[in-house]
Every structure is written in C-alpha cells, then in structure tokens.
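There are structures below to look over.
Two complexes, one shared chain (chain A), two partners (chain B, chain C).
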Partner chain A sequence: MNGWTGKLLRVNLTTGQSAVESSEKYFDYIGGKGMANRIIYEEVPNGTEPTAPESKIVMAIGPNTGTNAPCSGRTTLAFLSPFTKYNAIVDAHVGGDTAVMLKGCGFDAMIIEGVASGPAYIKVVDDEVSVEDASGLWGKTTTETTAALCEKHGAGVNVMSIGKAGENLLNLSCVISGVAHSAGGGLGKLFGAKKLKAIVLYGKKATKVADPKRLMELNNYIMSDLMGANNNHVVPTVPQSWAQYSNKSTRWTGHPGLTWGAAEGGPIDTGESAPGQPTLMGYRTQKAVFDHGPVAEKYTVKMVGCTSCPIRCYGGVNVPMLEGVTPNTTHANTCIGNRPYVGLLKNYQDVHDEGDGKLTAGVYSAILADDYGLWDNYGELNATLNYFINNGLMEKIMTPEQYNEIDWTKRDTGDMTFIKDILERVVDGKHPLSTLAQGAYYVDQQYHDLLGDDYLNSSAMTLWGLIGAKRHHGNECAAQVGMLTNIIYNRDGMCHTIVNITGSGLPYEIQRNIVEEHFGEGCLDKPRNYTRMNEAKARFAKFGVVRQVLHDSFTLCNWVWPMTFSPRKERGYKGDLSAEAKLMSAVTGTEWTEEELDFAAERVIQLHRAMTVKSVGSRDMRNLHDVIPEYAYNTEPDVPVFTEGTVKMEKEDWQLALGMFYQQFGWDEQGSPTRETLEKFGLGDVADDLAASNLL
Partner chain B sequence: MDEQEKMDLTQQEAAPLKDEVQLSPREAAAAALADLLYSRTAHNKVSSGKWICQHAPQGVERALLDELLTAVDAGRGEGALEHIAMTRGTKDRYYYDASIMTAEYARLDALLEDKDILKTIASVTRSDCKLYPRPTEFSKMMGYPFRFSLDEVEGAAARMQLHDEYQDIGVVQASNGAKAFYSSQHIKEGYARSLLEASEVEAREWP
Partner chain C sequence: MSKGIMNREYTRREFMKLTGKGMAGVALSSSLLKLFDCTQAQAESGQVKVYPNSEYVLVVNKAKCTGCQRCEVNCTLTNDGKAQPYLSRINARDNFQFGPKVSENYLTAAGFFGNWSVEPATCHQCENAPCMLACPVGAIYPDPLTSVRLLDQDKCIGCGACVAACPFGMPKIDPDNGKSTKCIACGACVAGCPTSALKIVLWDEIAAAM
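Let's turn to the complex of A and B:
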C-alpha cells in the first residue's frame, strides 16, 4: 500500500487497551480531516457532550504525510467543540513532527476514547502501545511535561501535552506539540476530561511512495517554480534586484542586511533568495521581525518549523530580558501565537531599544500561554479580557477582594507581569476570570445581563458568527468571499486559500487576472473597494474551503498551499492548482485529476455540513448558524457600503451571498445538504440519517 | 582521484581547446565591460556612466567605451553586452545586467544614485498608488534599499508641498500614528487612509 498505512489505532483510556484496525474504508475521505470527521460521525452519537466519556478524539494524517512533499507535516484532530454554540464537530490542526511520527508508527489515525482512572499518557513507540501513569506530570507546564517525557523516552520522541488550561477544563485550551505547535479548538479540555496529560509518539517506519522519482521531480518543481515564502507570498517585502515587485505587507521578509542577529556563531544575513533557489528558501521568511517588528532582528536565533517544510515560519528568539522571569529565555512561535496577550498592556517598558519592551512582553505572554496550554482563539480571549476591562465589567464579575488583589496600574505602566497576573487566574479554573475563557458564546450566555447584545456583535470582538467563532480572514479579506469561507468550520475559519492570494504581494490587476481565469469575471474585488455579490465570488469562496479541507485531509499546510501564484515572472506569476493532484498520483500510484481530488475534498465538506445540521437540530442553517454579527454591517459608518475605503457588508447582499454559496455546494435555500447532493458524494447513509431525524 | 583520472586530466590540459575562440579587441572590450557590470549588478547596484569611465576595464579606450555604451543605450548591446541594459536617471545614465536585475529595481537604484529624495519618494509613491494600489509608508522609505532617516522623510514630506511638481503627493496617517505618502493622481485621500489602516493596524491585529 502506498501513501496510507491502511491501519488505525484505537486506544481506550478506560481499559488501557488498544487495538489495531483497518483504515481502508475511510480512504474515500482522503485522510486527515476527512478520515477523522467520518470516524466521529460513525462513533460519536449526535448530542454527546464534548467532555462525556462517550466523546472521542480522532487524530489523523493522510497519504501525503511522511513523504518529503513540501509542507506535508500537518495533523488534524477532530472532536466536538466545547466552545461554540451547538457543540458541533471542529478540527484542530497542528504542525511540528507529530504527523510524521504517527505515520512512522504505522498508523493513518488514532482514535482516543474513554476516560482514564487517573492522569495518564499514551505512549506509541513503533508498534508498542501503552497507557502510562502521568500522576507525576499533572500540574506541570507543557514545557516541563515535554522535557520530562523526552528525558524518559528519548530526545527524539514527539510529545503532545496539555497544561493547566486543559487540566482545569477551560474551553479555550489547546494541546501543545513540542513546546510551541498548538492544536486549538478547545482540544485541551477534551484531553483534560479524559485525564489525558500527553501523547508520546516515536516511529521509524517509512511512508511508501509509488513513484519516488516522480515525487522528487514534483518537489523540485514546486519549490523552484511555485513556492514563495510563508503563506505563499510570492513578492518580497522590500525591493530586491531579481524582483519586479515588492510589498511591505508580505511575509517574504528576508533581504540583504536583515539578519538572524543572535545566530550561533554570529549574525547570518538573510540576503536575496530568488525563485529557483530552494536551498535558500529558509531565509525568505524572517518571521520574528514580521511578528514583533524590526527590534526582533538582534534577538533572532533562527527560523524553525514543521517536518518537511522548507518555509520555516516559526521565529526562534532568545530574549535575555526574560532572564529570571521565565524558566528559559528562548521561544519559537508564529503569527498571533508570538504575542497572544501583549494587547492586555496599554504601554510597554523598553529596556535597551525602542520596541524591545513590546517584544519582551510578547514573547513572555507566548511562553506563559504555551506553558499553560491556553488557547487564544485567534485573539478572542485577549479581546474578551480587554472588553471586560475597558467596559468596567471586571469589578462586576469578581468580589472586591478578588478585584483588589490585582494591581491594575501595571496595565498602564506596561509592567508585563500584569499579563501573568491575569492569565494565572484565567487558567485557575475556579477564579471568575476563568469564566472568560469559555469562548465568546458561553461568555455571553453567562453574562448576558451585563453584556446585552453588544458583546457578540461588537467590532472589538470581530467574530464571524454569533455561534461564538472568531473571524479569521473574513470580510476584510476579499469581501463576501472571505466571510463565506468562515462559516464552514464551527470555529474560526482557518482557511488561508483566499488570504494567501490577496496577501501575495502582487499588484491587484495581476491577482485578479489570474483568479478570474479560474472563477470568472468579478470574483476578486479591489482591496477595501467592494462590489455586490456575484456567482464568480461564490465559486471562488467554494474553491477556498474545498482546498483548505483537501490540505487538512491529504495533508498539506493550508498556510502555504494551494499554489495559486508563483514568484516567477516568466510564468506570468501563475501557479499550478493541479500540484496537489500530481502529488497524490505520485504518492499513491493512482492517477488523480484536480477535479477528482477536489470532489473527494468536497465529500468531506458535505459530511461536515450534515453533521453540523444534526448538531444544530434544524435545517435552517441560514438563520441559526450562518449569522454574522452587526459590526460587519456597521463598520466605517461614514463610508457608504460598496464604495472605496470600507470592508462593511450589506444585509441583503449577505443573504444573496449565502444563497449563491449554498447553491455551489448543492444545498437548499436554508443551507442544508439535500439527499441528491449527499448521494452524489456517496453519502446516502448520511442522507438516511438526516431523514430519520426530520432534517432532510 | 585514481591514476587513470589524473592521466585523463593531464591529457586534457595539454590538448589545445578545440572551441577556444580568439576575440577581436572590440569583442574583448565588450566582454570585459560586461564582466564589470555583471559584478556590480550582482551586488544589487546599477553603474553610472561616470563610474564606468572611472573604472573602465584595463586597455579599453574611452572612445571604444563610449561606442559600446551608446549601442547599449540604443538597445543594441554587442556580443557579451547583449544582456546589459540602461535606465536613464536625472544626473546620468545607469547600466545593469538585465539577466540578474529587473528593470524595476534598476530604476529604483538609479533614483537612489541620483540622490534626489523628493523625486525618489514621488516616483515610488505614484507607482505604488497606480499599480497595486497602496500608499507608500514612511517606514518603507526608511528600510532597505532606501535607508532614509525619519528626519529626511519628514523633511521631504514638508518640502514637497513647496514644489509644483509634487502637489499630487499627500500624507495620510493611521490610528497607530504610522504615516504614508499617496498620490492624488491615482487614489483618493480617504482610500489611501483606509488602505494604510488595513496594513498598519488591522493586519497586525489579525495577522
């Protein structure tokens, strides 16, 4: 068997027993997200509480995982959301080396079920599976847990663990792989409920590839001709001698004179790394500087990242100002994970250079959050904390004693220990501040008398939906297209297909001309100069989520894929949207077309939507699930909708957008899959299931 | 390396190169000039006509140099100069190897070589506003390869208001205090401000 291993591992924490089963019946769902979603559908009854013993966690990878295809080191974990309304199915995605280790152990997926009698961890070393006692690890940070298990089982093992947030059953908790890669979605709470402190993986089995030569040629082609930098930004941030364009907003930050300033042996210049130089790709993304600002240069040790990824999007820094403040002064993370709670401070205390106070506070908050296993939910927890502080609500949810215990003046003076003062109470589990880490929907439920209708609808929260999910590249990114991609996931829309296009750095005209070839005229508006909804936008939005789901199933990293654009002028900057199908064919030995692979990915979306309909308990997804907050219609009040300078949306147009999007997927006017559609994707059993529940 | 390999190598070194071609003095001069310009281009620099004359390859007469460069100016670079291109600045003509440098970058470096900050900022701003569209952040002008100081950029913004040819260049500010230039020839002030707010504030909050 090529690509897949054909096996899945079932671990029952109640009994401590494990079993190996065939995974072949799930191949129609590709792997990863698709496989995990189908298993949850079959094995976790609708209406199950996310933390109930009957609830399960499925961790899955795909046929591409473990090959050397660029950016193939992703893992998907599927489970019931503890933090959004309806507790529908969600996925967490994580990088690091978890994926390749699970594959190396010989499994396409691992099903975790039951509840351990006491703190436990799962150990899978090649074929040997056991449930071990974790009593000595409970209460430890994720870094301490990882270190302890690496010391016990060998430095090469992959450790996924939870911290206090998961142990104390916070909805906004995550699982940390290694010491930085995070699997969010509230997964930490499910681990905590199962008394599962950690998973240790170590496997040496190779992934069998049908045509290694073809795969190698594809890899060279992809890395030389298609890939740019992080998020497949294909234009460098500053003018470079080889480049026709530059764009300050991209993540191709490396350039002559910009270094890894704290590199071992002295600064390393990131220089120019023109297309066609795969061995220099690791210098393209200087993510510490992108995330923290120019001051981060001299603290940058190197860039790090996931298995099989040439991009290296994690900024590894050493911040001596944290000496004695945190257990160690080094950290690596990316994006919002680099500074999740720095926004709690109003000012920052610089030490040596302008800006180093904010950098230090950012890394400090990242270390704290990762050690606690506290999930920021794309900034939602920070926004909620600030919402309560700024609106004078903290006094109302705490006793006077609790309130006065906190030195609130630190916030104004920029004393970063204020972040710890807040977060240690948040992860406590019993303190009133812990209630703010339930996710926006449940926060609103608990405090609606204080919040009224403003909180969930506020621009301070920027949710995509009233189910309590954070906007993640929504209407600020390609208008209705971005917002539509958000409604699919029952959590923040972690779809990067569209934002990778709008953020590519290419001039608008070039972007538009290329994507219009695929999706039709009018699919991509100018930035902040939107037009009304049209069918081309609906096709474009569908493409966005289909490819995202494909990537999380195959697996490839949707933070880089698909290759819509290329950095090469001689290609007219056109990428290659068939690259995934070519990889699938080379790996599995079965020829796949782009359309066939997209169809398989869409099957996963159809299943996911049907599962969501069951969780909602109604076919009326339009009015119960796909509802966006009021701020989306009210932003920039002085600028009329559909004119230059606003990202605001219009209510009537949004309803039109939903209808067109539903049509693209073969859903009815209420946004629910029809029998015809489900049967087209081989999901007749799901149609029967919906019908039995009066949902078809 | 074994003995046979050593013997083969010795024989190859001793044998006359079948493809060795004798270059004419003109061709040799062109090749030397091309090497010189390639070397500078590889260091991300265009070369002014004045600089080339000062650093002319050994043995290449000024008259021949002028002839070769004039041919490049006309888009007819001879022999090894086939890849050499010229971009015209205010103070000089600037040459570069187009096989490793884009015309866009060459024009930018020529602006920097001309050392006219007002023209540089205006040119970049007009291009940004027309092409992308986007305003041109002050911070961009302070970074590679411009490297102007904040005082220079602020001063340029003030001085541009006094010049008729830069009356289309304005300044907008984001809510975090970041400033940018925009050209009213290509985008409106409100649109420029909105785009700046998106890149400087919102994109940082929601990366």
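Let's turn to the complex of A and C:
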C-alpha cells in the first residue's frame, strides 16, 4: 500500500490493552482531520461530555505525511471541544516530529479511549504498544517530562505531554510535542481527564510511495518554483537583486546584512535566496526578528520548525537576560506563541537595548506557558485576563486576601515576574484565576452578571463567534471572505489560505488578477476598502476552507499551503493549485485531479458540519452557531461601512454572505446540510442520522 | 592510476594532515573557509565537521543545521525508493533534541532542548572500513576510480555484519529486502538541505584552495 499504512491503533487506557485494525474504510476522508472526524462521528455518541470516559481522542495523519513533501510533518487530533458552546467537534494541529513518528510506527491513526486508573503514558515503538505508569511524571513540566522519557526510551523518541494546565483540567490547556509544538483546542484537559500524561512514539517503518522519482521531482519543483517564505509570502521585505518588488510587511525577512546573530561560531547572514535555490530557502524567514522586532537579531541562534519543512518558521533564541530566572535561556516558537502573555505588562524593562525588555518578557512567558501546557487560544486568555484587570473585575472574583497577594504594581513597572504571578495561579486549577482559562463562552457563563453582554462582543476580545471562538484571520483579512472561513469551526478558524494571499507582499492588482481567474470578478477587495458581498467572494471563501481541510487531512501545513502564488516573475507570480493533487498521485499511484481532491476535502467539511448540527441540536446554524460579535459591526465608528479605511461589517450584508456561503456548500438557508448534499458526498448514513434526530 | 586521482590522493592526505582529528582549532585559509562556507570561528568552536572520502569532503555545519530531517528522507527516496528515515545513511532524528543522549545538563547541552546545536551523524567512508572488512561476502567494496566504499546489493546477504562492525551505527538492514543500507556517498542528503548545512566539496576544489 502506498501513502497510507492501512492500519490504525486503538489504545484503551481503562484496560491497558491495544488493538490494530484496518484504516482502509476511512480513505474516502483522505486521512488526518477527515479520518479522525469520521472516527469520532462513529464512536463518540452525540452529547458526550468531552471529559467523560466515553469520550475519545483520535490522532491521525494522511497519505502525504512522512513523504518529505515540503511541510508534510503535521498531525491532526480530533475530539470534542471542552471550551466552546455546544462542545462540538474540534481539531488540534501539531507539527514537530509526531506525524513522522506515528507513520514510522505503521499507523494512519491512533484512537485513545477509556480512563487510566492512575497517571499513565502510552508508548508506541513500531508494533510494540504499552500503557506505562506515569506516577513519577505527574506534576512535572512538559520539558521535564520529555527529558525523562527520552532518557528512558532514547534521545530520539517523540514525546507529547501535558503540564499542570492539563493535569488540573483547564479548558485552555494543550499538549506539547517536542520543543514548543502545541496541540491546542483544550486537548490537554482531555489528556488530563484520561490521566494520560504523555505519548511516546518511535517508528522505524517505511512510508511507501508509488513513484519516488516523480515525488522528488515534484518536491524540487514546489521548492524551486512555487514556495516563498513562511505563509508563502513571495516578496522579500527589502529590495533584493532578483526581486521586482519588496514589501516591509512580509515574512520573507531574510536579506543580506540580517543574521542569525547568536549562531555558534558567529553570526550567519541570511543573505539572498532567490527562487530556484531550495538549498538556501531556510534562511528566507528570520522569524525571531519578525515576531520580536529587530532587537531579536543578536539573540537568534537559528530557525527551527517541523520535520520535513524547508521554511523553518520557529525563531530559536538564546536570551541571557533570563539566566537564573527560567530553567533555560533558550526557546523557539512562532507567531503568538513567541509572546503569548507579554500583553499582561503595561511596560517593559529594557536591559541593554531598546526593546529587549519586551523580547525577554515574551520569551519568558512562552517558556512558562509551554512548561505549564497552557493554551493561549490565539491570544484569548491574555485578552480575558486583561479584560478583567482593565475593568476592575479581578477584585470581584477574588477574596481580598487573594487579590492582595498579587503585587499589581509590577504590571505598571514592567516586572515580568508579574506574568508568572498570574499564570501560576491560572494553572493552579483551584484559584479563582483558573476560572478565566475556561474559554470565553464559559467565562461569560460564570460571570455574566459582572460582564453583561459586553465581554463576548468586545473588540478587546475579537472573537469570531459567540460560541467563544477566537477570530483567526477574519474580517480584517479580505472582508466577508476571511470571516466566513471562521464559521466552519468550533474554535478559532486557523484558515491561512486567504491570509497567505493577502499577506503575500505582491501588489494588490497582481493578487486580484490571479485569484479572479479562479473565483471570478470581485472576489478580493482592496485592503480596508471593502465592497458588499458577492458570489465570487463566496467561492473564494469556500476555496479557503476546502484547501485548509485538505491540508489538515492530507497532511500539509496550511500555514504555508496552498501554492496560490509563486515568487517567480516569469510565472507572472502564478502558483500551482494542482500541486496537492500531483503529490497525491505520485504518492498513491492513483491519478487524482485537483477537483477530485477538493471534492474529498469537501466531504470532510460536510461531515464536520453535520456533526456540528447534531451538537447544536438545531438546523438553525445561522442564528445559533454562525453568529459574529457586535464589535465586527461597530469597529471604526467614524468611518461608514463599505468606504475606505474600515474593516467593519454590516448586519444585512453578513446575512447575505452567510446565505451565499451556504449555497456554495449545498446547505439550506439555515446553514444545515441537506440530504441531497450529504448523499452527493456518500454521506447517506449521516443524512439518515440527522433525519432520525429531526435535524434534516 | 590517472594523474587526476594521484593529485586528489595527494590533496586528501595533505588535508587529513591539516585537519587530523577534526576541525576544532585548525586555522583554515580564507579560500578554504569560502569553499566550506563557514567562518574560522565556526571551525574553531567545533561547529564544522568534515567527512573526507576519496571522492570529496562532506562538510557538516552544525550551526546551520535546523533539524528538519529532509536529508534523511531524500536519502531513502533516492536509494531505497521509499520514505524511511530509520534507514537513512544520515541521521539527525536521533540527536536533534538532546544530542546522542540526554545529559544531566540537557538544558545547555546540544539539541533543541539545549543550545540548538544539531549534528547529523553520517558515514565516515573509513579508509580501513570496518563494515567492508566485516562483510563475509565482499558486498562492500571500494570503487576502483574513487575508492568510495560501495555496496553490491546482489551480493549482500543481509547478515548484519556491517551493522555490528560500524562504530558509528550507520548501516541498517532494510527489513523489506534484507539488504544493507551502507552509504554510497550519492549526495542526495546534500541536495535536499534547505540551509546548506551539508555541503560537498570536491578534492580538486580543495587542491586549488590549499
């Protein structure tokens, strides 16, 4: 068998037993998210409490995982959300080494069920599967846990583990893989509820591919002709000898004179790496500088990232200012993970250079959060903590003694230990501050008398939806298109298909002309100069989520894929949207077209939507699920909607947008899949299921 | 033996005299530094490791290695027709987190959990190759032109003598075909490195730079 392994592993923590089963019946769902969602659908009854013994966790990879296709080292974990309204299906996506190791063990998926009698970890080394005692690890940080298990089972094993946040059953908890690769969505709580401290993976088996020569040629084509930098930004930030354009906002930050300043043996210049130089493309993204600012250059050791990825988006820094403050002075992460709680401080204490105080506090908070296994929910936890502080609510949720224990002046003076003062109480599990790590919906439920309707609707929170999910590239990105990509999910959207286009660095006219070829005139508005909804935008938004789901199932990294654009002028900057289908064909030996692969990905979306309808318990998704907060309509109050200078939405237009989006997927006016649509995708059993629940 | 090979052999011996037990502490000419794409400080601090064979020098720059492991799968796609890092003739997967083993001071030692230094292990193409000497059927043999130790897959019986003999733990026996995965210096690992942490430098180029 090529691509897939054809096997899935079932581990029961209650009995300590495991079983190997065929995974072939799930191939219609590609793998990864699709496979994991279908297994949850079949095996976890609707209405199950996420932390109940009957609840399950499914981690899955796809036919492309482990083939060395660029950015194919991603794993998807599916489970019921503990932190958003309706406790519907969510996915966590994690990189690092996990995906390749699971494939090497010979499995497309692992189903984790039951509850261990005491702290336990799962060890999978090829075919050898066991549930081991983790009593000695409970209470340890994720770093300590990983080191202990690597010492015991080999320095190269992959370890996924939880910290205090998961152990203490916080909704906003994650699982950390290796260094700083986080599987969020509240997964840490599900691990904690199952007494599952960690998973150890080490695999030696092959991923068989039908045509290795074609695959290697494709990899070279993708890296030479299609890929740019992180988020597939195809324009460098500063002018380069080969480049027609430059754009200060992109992630192609590497350029002559910018270095990995703290590299062993002296700075390494990131230089020029023109298209067609795949052996230099790892220097294109100097992510530490992008995330922390120019001051980070001299502390940058190197870029790191996931297995098989040539982009390297994790900025690895060594911050000597943390000597004696944290167990180690090095850390790497990307985007918000580099500075998750730095916003708790009003000021920063610079030591040597302007800006190094903020850098130090950012890395400090990242080290703490990862060791606790605390999930920031794309900044929501930080926003909630600040919301309560700024609105004088902390005094109301704590006793006077608890409140006075905290030195709040540190926040004003920029003493970064304030972050630890807060976070150690958050992860405690019993302290009132722990209640702020439930996710915005449950925070609102508990404190609605204090919060009224303002909190969930506030621009300080920037949720995409009142179910308590954070906006993750929404209306600030291509207007209705960006916001629509969020509503599919029961957590933050994480769709990067669209933002990779708008952030590519290419002039707007080039972006528009290329995407209009695919989706029609009017699909892409000018930044902050939006027009009313139209059908082309609905097609564009659908493409965004279809490709995201394809990537989470195949697997590929949607933080880079798809290849909509190219950095090559001679291609007219056009990418190749059939690249995934070409990879699928080379790997599996069956010829796939772009349309066929998109259809398979859409099947996964249809299933996901039907599962969400079941969890909501109503067909009226328009009014119960797909509801965006008031701030989206009220932002920039002095600028009229649909004029230059605002990203605000309009209520009537949003309802129009929802209707057009639903039509694209074959859903009814309420946003629920019809029988005809479900049967078109071979989901007749799901239609019957919905009908039996009066949801069709 | 051709004049070219004699010159190459002379250069190799001179280079070996220069680098001896490694690159740390070796003063390299600016031409060699340029050729190896490294700095004197990197060489002196032990970040640069060289694997000379009869054909070329494989330069491994630990400061540039980002642990992506693309080298490993490029190796097995090229040589084994499948993606199987375990069989790879270059190995970063087992040491990128902590170095070869977890030490007490792992937070400051090699690897992602420490100082980020990553050293992929690979075949040394030893002059008196223990794998070649151990092979009971002569399946590992020196290339008559380059002296690189090659593998005759038809002769290999998969006995594992090369695996046991290699002091660096590099060859494996492919469970699918029962053949050794002894490195044949094909260079696929180098071609796939996105930060040029791996580099092949030919002896002729070194001769010109020395």
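Throughout what follows, the second predicted complex is superposed on the first by the 696 of 696 C-alpha atoms of A that agree within 3 Å, B and C clash if a C-alpha of one lies under 4 Å from a C-alpha of the other, contacts with A are read in each partner's own complex, and residues count from 1 in each chain.
What we mean here is this: a contact is a pair of C-beta atoms (placed from the backbone, for glycine too) under 8 Å apart; a residue touches a chain by one contact, two chains touch by 3 or more.
Computed from a predicted structure; not experimentally measured.
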Query: After superposition on the shared chain, which partner residues are touched by A:Ser618: those of chain B (first), chain C (second), both, or neither?
result: neither
Query: With the two structures laid over each other on chain A, which partner does A:Thr646 touch: chain B (first), chain C (second), both, or neither?
result: first
- prompt: Who wins on chain A residues touched, chain B or chain C?
  reply: C
Message: Taking the superposition on A as described, I'd like to know which of chain B and chain C A:Ile336 touches: first, second, both or neither.
response: first
Message: I'd like to know which partner A:Ser241 touches here: chain B for first, chain C for second, both or neither.
response: first
Task: Would you sort A:Gln349 into first (chain B), second (chain C), both or neither based on which partner it touches?
output: neither
Task: Share the list of chain A residues that count as touching for chain B in one structure and for chain C in the other.
output: none
- prompt: Which residues of chain B touch chain A in their complex?
  reply: 41, 44, 100-102, 104-105, 108, 131-134, 137, 139-140, 143-145, 188, 190-191, 193-195, 198-199, 202-203, 205-207
Task: Could you please specify the touching residues of chain A with respect to chain B in the complex?
output: 238-245, 247-249, 255-258, 272, 291, 335-336, 343, 378-379, 462, 471-473, 476, 507-509, 526-529, 569, 636, 639, 644-647
- line: In their shared complex, chain A is touched by residues of chain C numbered 38-39, 41-45, 47-48, 62-70, 73-74, 76-78, 80-87, 93-102, 106-108, 111-117, 176, 191-196
Task: Using the touch definition up top, name the residues of chain A that touch chain C in the complex.
output: 66-68, 97, 100, 104, 143, 146-147, 150-151, 154-156, 178-179, 203-209, 212, 215-216, 219, 223, 260, 263-266, 268, 278-283, 301-312, 316, 318, 327-328, 330, 332
